[in-house]
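You will see two complexes here that share chain A, one where it goes with chain B and one where it goes with chain C.
So, the complex of A and B:
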């Protein structure tokens, strides 16, 4: 390394990009999060023209661009569309590896949501597996009000 | 469409950690090389497009910090956030507008200076997804599982992509991760996120690439024979991963279709001689080849096993080593364009394809290949 600098001491400036930020959740996400916190209900929005129910809920239909969406409660049970098991302790993981991430299509929804899958051996997770939401006891109107999904029947 | 061509390319060596060069140093080196390649001076450049990402750069309005080093003083300079191919798309549009005879396009990043897992986690929606802690690797691992389940593509076939591209990279002086590997090496490497092993993942590297795009009039004055832009296409999929069928890439299909139509290509598998595609992860090379229509759906793994995509094969893919050989995020797609230019000019040395009249370059941005940009380049006007 020394040769590339021809005798100059290499300097490194350590810093971080750290800026406080508040995301106003907006009307649609607020309603979804409050229902999760207060009623343990999972709400999507449905576009009548496309006959499609979106989860997370959308204010406007991304397909036909319509603003006419209606609220729908979807089931807290669904199917694993795909998954991964994070084995390495990646910097983004807020919990100890292994962490199972899954895309879950809840019954009544046409799109899948991202969440954790727990209560199953990482080696036994399968696409098509039936799972059920486990709600958190400590709810704060956030996605973690669903603590995780677990195999149905457990 | 009016004609435009690529008349100059400049690449820094892609390295795991460029301790001796700042962003501006890299930009200067790449631009200097591109100008020399085109036989031009900075005075011949009419406008500049830089491509960068503020998180990867560690500063806001990151593009402006490399303007001086890109020779943009007193010139119209603009920036694209995304892959280098997207910056080049804008550069091409500016050239074709008739306002600029030449456009310099750069793309740079230094993955070594930050933490890619945290940066790519921040690409997720902050309300619904981000705090769960997924990142690019975990998103792509889910896509890989979906793709493999639907198509029957095997872990061994994925590993062969890694073996091929790391092997090719040994012949490319600009790559930093050339390695002679076996399928067993790949499958035996650390499992980061099922089904992706460490050697299924490209590295996160440092580098800068520059290209010069010219209209027909200016292209005729270039030092070397121009490489003509025959077609381009760009398309994006839904932002939320769960809105998409992750096992397919609808946006790539559409981007490719647009580019082929412009280039007059009806059978891409036969009419394209070589391709440089965005192999950030091993499965992506196969999935993108299918999306590009270079081979049939669910057939890329089998074609790969037959050697179709090797340098002596029917259609060499990532002869340069691709991203597996070195992945400077943001710049990576621009490197793909520059590598196809090299091939068409016959300048690729040890990894030269035997036939290189028409080449395809491909760039990606967003989680699990959300958006794609496809370039068809050709020897003849």
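So, the complex of A and C:
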């Protein structure tokens, strides 16, 4: 198969298109983001029928499609469900490698959220460890208003 | 009542990391011509076409329309389906539905990708929700690593267990002239390769590939006239869990459990490990080869590593997995799921040449998507009794 390129001069045509997007967060995420920015509160929504509290908050219950969801404040402390340490500096990685990504189940929520874990050596992260949100000083109603999670002081 | 559906021909390109000698349409055309030749059909015989690839990978929007020069679909019904990593298996399921409905007798299914034309990690990141998941996560590997990490903590598996799967698939690839990577590796080489995202090493994961695959499906009214012993589709399953990365049960692939339970029940398969003869698993990294066969019900949870270590899934073993070399050896993403389907069909039809598993009665092929989706097809030698 090596000779399939024989006699061929590969011609490359480069794209000149750049498509910047902006996304409307929507009513459900907006309420969460405003509470995060103004009060450093983390809000989920709860389906009473399924007895589940979702974080990120949902407009409809993903299990039963009920629209009667109740807003709930969940704790800013939780447990590491799983994690990884990204070692390679990909262009799409917004921080300097190595980066610890953790799935964190906050107390009071039934689903986990994804965030950075800082303040711990990558070799010492354990599933089940207790962590706490560190809020950013400079807040702009974004997920990064939580700067990262850090181990909860023993 | 749905019509029974069979695969009557398959075709693949010779997959490579870069195919600068052809554009997308020409790549598609290679696979289409190979599938037509395999089935003995002409383009005139084809009633409808389904095509799929990854959104954003080639930056071409109307792939269905744009590709007709290569696909042969000019003035025929053509439908584009794209579901991320599962695309190649979803288009097979779509083709099955079109034929089973009775509306079309012969459907051409095409999966393709020119991974070399953009930034794969960047394009994959567009699969994650822009508000909740995309800001902090990047690429596909971190999510897979999180799955492996959770599984290891729960069941005590090691990175050596993962490496064993990679050694198997890379060895199997030597038998497949279409595979991109055809080089044997040792356990030590896998473990010594650079750590990408703990616990995943470079040699634990799939490459980026340019390639295309085409499969021709026919209804029971015409299938055996086209092909004496076609590959009968016994069932398809398609399960997508809910929206965000943190919703998944890390360490278990719930969608695989649901899809396989549904299909095996329908087909009366009670002991999948004994009744299935070969699996082509969409396994983008090594640890999935352990975890997901447990969710498929091949072995009990926590027993996957031991089963693979015993050699049972190697060629010549009880249940060979990925005789083609699998996704770790070759991954033109939009084609990858359909390659699993084509390889399983070839096994059933006895056309798998150097990678043929003897006496295949049932084969399974799967598709996987980064948001923990499973698509799955059960293939059989006999015509389904339903």
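Just so it is clear, the second predicted complex is superposed on the first by the 142 of 154 C-alpha atoms of A that agree within 3 Å, B and C clash if a C-alpha of one lies under 4 Å from a C-alpha of the other, contacts with A are read in each partner's own complex, and residues count from 1 in each chain.
Basically, a contact is a pair of C-beta atoms (placed from the backbone, for glycine too) under 8 Å apart; a residue touches a chain by one contact, two chains touch by 3 or more.
Bear in mind the structure is a predicted one, so any value in this text is a computation, not a measurement.
Using the contact criterion defined above for the overlaid structures, shared-chain residue A:113 touches chain B and also reaches chain C.
Legend: residue contacts after superposition of the two complexes on their common chain; A:127 is shown touching both chain B and chain C. In the superposition on chain A, A:18 contacts neither chain B nor chain C. In the superposed pair of complexes, A:88 makes contact with chain B and with chain C alike. Touch criterion not met for A:51: it reaches neither chain B nor chain C. After overlaying the two complexes on the shared chain, residue contacts for A:5 are found with chain B and with chain C alike.
In the superposition on chain A, the residues of chain A touched by chain B in one structure and by chain C in the other are 1, 4-5, 10, 15, 17, 21, 23, 25, 29, 55-56, 62, 81-88, 90-94, 101, 103, 105, 111-116, 122, 127, 142-144.
Of all the residues in chain A, the ones that touch chain B in their complex are 1, 4-5, 10, 15, 17, 21, 23, 25, 29, 33, 54-56, 62, 81-88, 90-95, 99, 101-103, 105, 111-116, 122, 127, 142-144. Residue ranges of chain B in contact with chain A, taken from their complex: 19-20, 55, 58, 115, 117-118, 120-121, 125-129, 131-135, 137-138, 141-146, 149, 190-196, 238, 240-243, 246-247. Within the complex formed with chain C, the residues of chain A that make contact are 1, 4-5, 8, 10, 12, 15, 17, 21, 23, 25, 29, 55-56, 58, 62-63, 81-88, 90-94, 101, 103-105, 111-116, 122, 127-128, 142-144.
If you check the complex, the residues on chain C that touch chain A are 14, 16, 20-21, 59, 119, 121-122, 125, 130-133, 135-139, 141-142, 145-147, 149-150, 153, 177, 194-198, 200, 242-247, 250-251.
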